[in-house]
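Presented below are the structures under discussion, each in the form of structure tokens.
What follows is subunit A paired twice: with subunit B in the first complex and subunit C in the second.
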Partner chain A sequence: MSFDCSEHLHYKLLHLTGEVDLHNSSEVRRCLLDILKQGKSVIVDFSDLKYIDSSGMATLVEGLNIANKNNLSLIIAGANGAPLQVLELTRLNQVFTIVDSVADIKE
Partner chain B sequence: MTEQSQILIDVNNLDSAYGDRQVLHDINLQVEQGEILVIMGGSGSGKSTLLRNMLGLMKPRTGSIEFGDINICHATKAEISKLRRSMGVAFQGGALLSSLSVGDNIKLPLRQHTDLDENTISIMTRLKLELMNLADHEDLMPSELSGGMLKRAGLARAVIMDPKILFFDEPSAGLDPVTSVELDQLILNLRSAMNMTIIVVTHELESAFTIADRIAVLFDGELVITGTVDEIKACTDERVVNLINRKPRKNQLDADKYLSRLTKGAN
Partner chain C sequence: MNKSKLLSKKWTSCPSDLSDIRKNITDVCQQLAYSEQQTNTIVLAIDEACTNIIRYAYKDCRDGVIQIDVSTNQQQVIFKLYDFAKQVSKDCIKVKSSSPLKPGGLGVMLMQQVMDSVEFIHTKDCGGNILEMKKDLPEGD
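For the complex of A and B:
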């Protein structure tokens, strides 16, 4: 798994690649919580994500909760394949704002 | 099996016994990555013994069970411990620790094997409880749950680490038909979303036919057939036909063996 952080409009863009699991979700958590602590809204780009386990999903849920409490946004973009199925299985697709791609976010 | 399939578990020439009583005879079975394999058979057919051997809880008399390059029958403690981190086991009765709440039972593997933050652990636990229709049951004690709830809580604990391989002993036993169907659907969803390889031991035909990619039928410790649902339904072996049609076994009595059993140890 690797991730990089860039800017998209007024969002921080967290691009995840590969597999997020028990061994590396803590790194994603640290990065995500740092961004939110800075008062920035965040897009988590799933387009190159092959797999995410429940520790990864739990990290995003924690992030969304913090974002909501601070009037920030946490948007998932480009979910496909197994990660999309995990979102559906856990019904978190009804909790997160999910868009097809980063390009769909205009403001 | 497709040519591209990856073999995850390879059981070769397995014989297993409890003392003098041989329970499994020359079992050969392969489990593919991502498949749902159902081990089916009547009571006493050796299903649970095969499961115990696969989990490394029991040493076979002869034969091997290979997980990649590790033979669990001769593995070191460290190898078995590593293997078990990639496995989840849902036992028949849930097997929760009675002194811990449902939530703490489910959190146990994460607290023992990971250094995840407690917030992450709590959310993971609630996600699994939601998945099992057990939301708001986190603080209850196991004694306050029904049989079906215990089974689902046991499943939640079995999958809390998102294992690569899930072993499930008798998922439907003792459940009402609706809960049973829901559990079957959950097993199918876990496979597709988490790409789990799932091995289910059951004697429930309907459940087996619903969830299985392949079914291995055991009869008196022998593997009669391994095949797809259609192949099992088309099988003409009398033992398989009787199992499917729920006909009682006709035991041919071996008079000498019978007498020997009755008089064992007598002068």
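For the complex of A and C:
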């Protein structure tokens, strides 16, 4: 798993690649919470993510709860394949704002 | 009823082994002709079970052993996950919250949604726990 952080409009863009599981979800958590501590809204780009488990999803839920408390946004973009199935199975697709791709976010 | 063994393998309880466990379960599912979507969910359920073993049975200790046996009968594939830690409460496979926004139980919820049965078995002789999960085989042509 690797990730990189850049900017898109007024958002921080966290691009995840590969597989997120118990082995590495703490790294994603650290990065995500750092961004939110800076008071920035965040897009988590799933387009190159091949796998995410419940520890990864729990990290995103924690991030979403923090974002909501601080009037920030946490958006998931480009979910496909197994990660999209995880979002659907957990019903978290009804909780997160999900867009097809980062390019769909205009404002 | 004929039983066929497809896999019997041991891994450590180090989270870095999860990736290889997923690869082995993917191979088994492909061998059984599950669809890609079904394979994804079965792999997820096994991964979640192993994650729970690492976190709650071995308490994040990395030198434990996780053994996975996979077999089939005429209707189902049977996954048996063995650990050799202290016995844990059967409550470990109960969903703690119905809200996906509350922490805890997400992995168990996934296991129960994906599998046709999930059963926790305490071994009487050598300690440890066995988690048995069954899934109907894909329908034939």
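Keep in mind that, in the parts below, the second predicted complex is superposed on the first by the 107 of 107 C-alpha atoms of A that agree within 3 Å, B and C clash if a C-alpha of one lies under 4 Å from a C-alpha of the other, contacts with A are read in each partner's own complex, and residues count from 1 in each chain.
Here is the rule we use: a contact is a pair of C-beta atoms (placed from the backbone, for glycine too) under 8 Å apart; a residue touches a chain by one contact, two chains touch by 3 or more.
These numbers were taken from a predicted model, which means no experiment stands behind them.
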When subunit B and subunit C are modelled together on subunit A, clash or fit: clash
Subunit B versus subunit C as contact partner of A:T59, first or second or both or neither: first
Partner chain(s) touched by A:Y51 [first = subunit B, second = subunit C, both, neither]: both
Which of subunit B and subunit C A:V95 touches, first, second, both or neither: second
Which of subunit B and subunit C A:Q85 touches, first, second, both or neither: both
Touching partner for A:E19 - first (subunit B), second (subunit C), both, neither: second
Contact residues common to both interfaces of subunit A (with subunit B and with subunit C): 21-22, 51, 53-55, 57-58, 61-62, 82, 85-86, 89-91
Subunit C - residues contacting subunit A, complex: 15-16, 18-19, 22, 37, 40-41, 43-44, 47-48, 51, 54-55, 100-101, 103, 106-107, 109-110, 113-114
Touching residues (chain side subunit A, partner subunit B) in the complex: 21-22, 25-26, 29, 51, 53-55, 57-59, 61-62, 82, 85-86, 88-91
Subunit A contact footprint on subunit B (complex, rising order): 114-117, 119-121, 123-124, 127-128, 130-131, 160-162, 189-190, 192-195
Partner subunit C, residues of subunit A touching it in the complex: 19, 21-23, 51, 53-55, 57-58, 61-62, 64-65, 81-82, 85-86, 89-92, 95
